[in-house]
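Both of the next two complexes hold chain A, though its partner changes from chain B to chain C.
Here is the complex of A and B:
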């Protein structure tokens, strides 16, 4: 009843090809955006905005990037954090070496840098497949981490190896308040998420899915492997690179190469497994889940009067994350996004089940 | 020249230690088609269990026995909880499940036995030997011998025994193996138990070398390039890959490292493996798959 598309006629091609063709979806997205842009900044305090919403949004963006590569193009990557690091360090170097570059252009350029590196490390995917490729992507992770730790030029020869974002401003407005950084992050993530949603239903996205389902068959029907696979690596790394730049500039402010270690790559991989492999919405749901879970664990341990030591909580987190991954793979391999789809099917009839 | 040889031999012998870990990966992949990312966690789990039991002051053999029983029980649990519900799922799903498994085992191992660093001494001698002017650690030679014995035993097991042949059938095709009457559940328990035993051997060797601590998990990342270099489904490949990686990594660290900032051991093996894979995508000894639409 609530979610029924009956009676919504499309009179033009553009209406039929809209990003959200169903009215309930349009209303839902509009309400979500109003909440995100207006309600959250007014209701939330600095802690919520700065320590939960901004990292949630940035990690969603990275998960989106990985989802494009793994969920849509079918190339499993364990080196996501490496590409985030490229974005972060590129943004830093642009900011201190060419201060004239405006902030948004800086983010775009860092994304492009990450995309170039991603394409470079994507070249082996044309020949290496499956698990061999998954392990080979670790090469990028370890190499990039080493590069930024060992080669001083990238950190501007800072002795501690830590980079700090310069004072940020956009169109003359200073970004010193948490609120402004939140809105900027949100704006970038909104635009890029809509872009991704549009991209995966275009010819490019369809080519990716064909490659994912069987790349030999895709090649036979005339999809160009070189272009399709490298584009997937490039676009995915672009998203990860921008996420890295946002992580360094808008979330933490100062960041070291170890912030983008293998654990981060796995964290993002877990997000797309739990959220839903091959789903834009899933990237957000998974990121929300993974960001919120440790907070709930903390609250839960608080209820027991903080009876657990810090390392016990870390271990509980490890066990829970591992267990949840297995649980989701067995019970719902398509993740939270699939649950949402089932919910929509139910809402089509509810509350009159006939 | 002596120095070069010393580095080379040292590298080859530490490569044997990588092979020990890579062997565990190969076993499970060969016998069930699962890329078991949790092998490193299993090494940690077995070593931590053994060392914690030893610290209670019990007899070494009794502790070894209990740890072995523990690894078999772990294999049973993994089959029951993780693998059985995932029969006939795509290999990728199983791979992701083992990543989750790795996290869970790491957490459980540390929750059970604590996070402090333990020293492990099971009586492997560690004296530098002088062989024709080269200084070689006796410990490393011992590791080499263990690796050789394990490989020989596994090769016999896979080619000569009934269970070994059943394992290879399961690796080829889960469903077809089930159809001809191979009890999949038992087979999986067996192969994970064998991998657990290999993990225990690797855990003892590595634990005696670097101490039993959380970073034991990281040696899996040393074994992975050796694994893909040699070929995922080849026991000799794991050995050859391990030796190749060990030797070239040490040589590169000594002769190239100083010019580019050092510590290239973290990524050099991966780049080397990547280079080899570009020429032979299945690794040196891996089975070549012909893809058909």
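Here is the complex of A and C:
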């Protein structure tokens, strides 16, 4: 009976509506933040920070974006990576065309560009649903990829198609160290995750979920389909766009269309399926899982004295992913986040089985 | 039953409404009037067009012919969210709750038209949003108390038993503080006790808040008990319109329910037993 709210009676509704009403959760989140902001940057080496934590955070942000659209508003999308690409290329173009632009403003504007494109490609969602909408967003993915590979203006007529991100600095500090890039990514992701959490617990989030669960009833209580769905596309694409800009500037250091291909869209979709559809926490769990799984498989194969060839390992990875996705789709559609919640509920009753 | 409220002016008027789906004539040339603070019941056999009637009133279906006047504004048809904005709320025959959301969120969603802050303010969740959420939460808690669903407020509605879901759906409709409340078979599938509770709620809402109510119900004893006025539909046509007493004695209504060959006085007792 370690995890329970016994004795924590909420005298007011405002206490009950707090971000984390249960004390153990508050403590848990505080510990997590201390670890993320203080322990990790000091303990982690450049490899862990730059090749694991930064991509994990950025992919979490993209998964969060997709989760807003698919998990909360119920609109299936396969265009996630396309919207990320818009963010990345917008950030690049702002940086080279307006060199004086502050980095954070650049990221915000890139997110807005992605939001506009997202809204545009969200228009068909008013007429089509489910599978057909997924196909329409797939078309947007291909179109955006084509645009950035073929139209030279976006890549500033670079011949290779791969361009390096300009040197970065924020408030006069150079972001040359991995450590500083990690902290910046973490800060942006924390703020945006908080924003998402706030949106889904107020009326805009309820409108999204209402549209997802029963669109006729949503309209009958006065929710406007057009505005609600397009807002979901806009906000979701904003998150994906910022994630794309971070991916290019803070993780890869290069801007290339190949980083945002269809495989990336699927990867992010798998993250929310495994992590939990319609859950903020799930976006992070799913991203952690998919980023860490290959590493664990590698370690595992190391224990067998590297008996497997590299391509065998890739295949093991694919088989595991496929199996897990089928498992979650069938057995636990709410993903790891749900398992976590069930675990907490069990803990609340522990040591009594009922 | 003593009713203290005063029936007012005509608030809703349907004139010569006809609605068809392909070859099926769901409503033909139906006219009716609903007055402020009235409880009007629509009855009729299965497939008579009762649900279609509610769907026409709040804009889910668009009739091919006829006019609808609500609060002095006439239009041939309107969108459901316009109807909601004008003060019409409803429940559905097959519960249409938001299954993945908690009871609290479902009822709060019913008040979405009263929430004014933008999504950006909500993302920050400062001052105005916080106050707004809190104010609506307090209102919703009143409704929760009123309908005795305190124990399940944090439960996702998909996990609730049928009777409770019906109650939550009423709560969501009622949360919008509507002027006109449309209830499609609110007591279907309930046991006697649940039905009595539901009747009580409907009468309380009507009495305390002066809400005009149009309800569809199959249980005649309930209809006769709580309604001020009854409209009878059969095969899309209106065949009866009057007070419960008038309708009960109307030979055309008795025919529709029992077939024309039956002897009315005897079966009238059978049909309207439990009164």
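The rule is short, and it goes like this: the second predicted complex is superposed on the first by the 343 of 354 C-alpha atoms of A that agree within 3 Å, B and C clash if a C-alpha of one lies under 4 Å from a C-alpha of the other, contacts with A are read in each partner's own complex, and residues count from 1 in each chain.
Just so we're on the same page, a contact is a pair of C-beta atoms (placed from the backbone, for glycine too) under 8 Å apart; a residue touches a chain by one contact, two chains touch by 3 or more.
Worth saying up front: this structure is predicted, and the values here are computed from it rather than measured.
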Between chain B and chain C, positioned on chain A by superposition, is the outcome a clash or a fit? fit
Chain A-centred angle between chain C and chain B, computed on Cα centres after superposition, in steps of 10 °: 80
Tell me which touches more residues of chain A here: chain C or chain B. B
Scan A:329 for contacts with chain B and chain C and give back first, second, both or neither. first
Regarding the shared-chain residue A:216, is it in contact with chain B (first), chain C (second), both, or neither? both
Where does A:273 make contact in the superposed view: on chain B (first), on chain C (second), on both, or on neither? first
Does chain B (first) or chain C (second) touch A:76, or do both, or does neither? first
If we overlay the two complexes on their shared chain A, which of chain B and chain C does A:96 touch? Say first, second, both or neither. neither
So, A:207: does it touch chain B (first), chain C (second), both, or neither? second
Now for A:14: first (chain B), second (chain C), both, or neither, which partner does it touch? second
First (chain B), second (chain C), both or neither touched by A:315: first
Minimum distance between Cα atoms of chain B and chain C in the superposition (Å): 6
Common interface residues of chain A with chain B and chain C? 214, 216-217, 220
Chain A contacts chain B in the complex at 76, 124, 127-132, 134-136, 138-139, 142-143, 145-146, 149-151, 214, 216-217, 220, 262, 266, 269-270, 273, 311-312, 315-326, 329-330, 333
Of all residues in chain B, which touch chain A in the complex? 35, 81-82, 85-86, 89, 91-93, 95-97, 99-108, 110-111, 115, 221, 224-225, 227-228, 232, 260-264, 266-267, 270-271, 273-274, 277-278, 281-283, 291-293
Which residues of chain C touch chain A once you look at their complex with the stated criterion? 58, 60, 79-81, 83-85, 89-90, 92, 96-101, 105, 108-110, 112-113, 115, 117, 119, 122-125, 129-130, 133-134, 137-138, 141, 172-173, 176
Where on chain A is chain C touching in the complex? 13-14, 17, 195-196, 198-199, 201-207, 209-210, 212-214, 216-224, 231, 235, 278
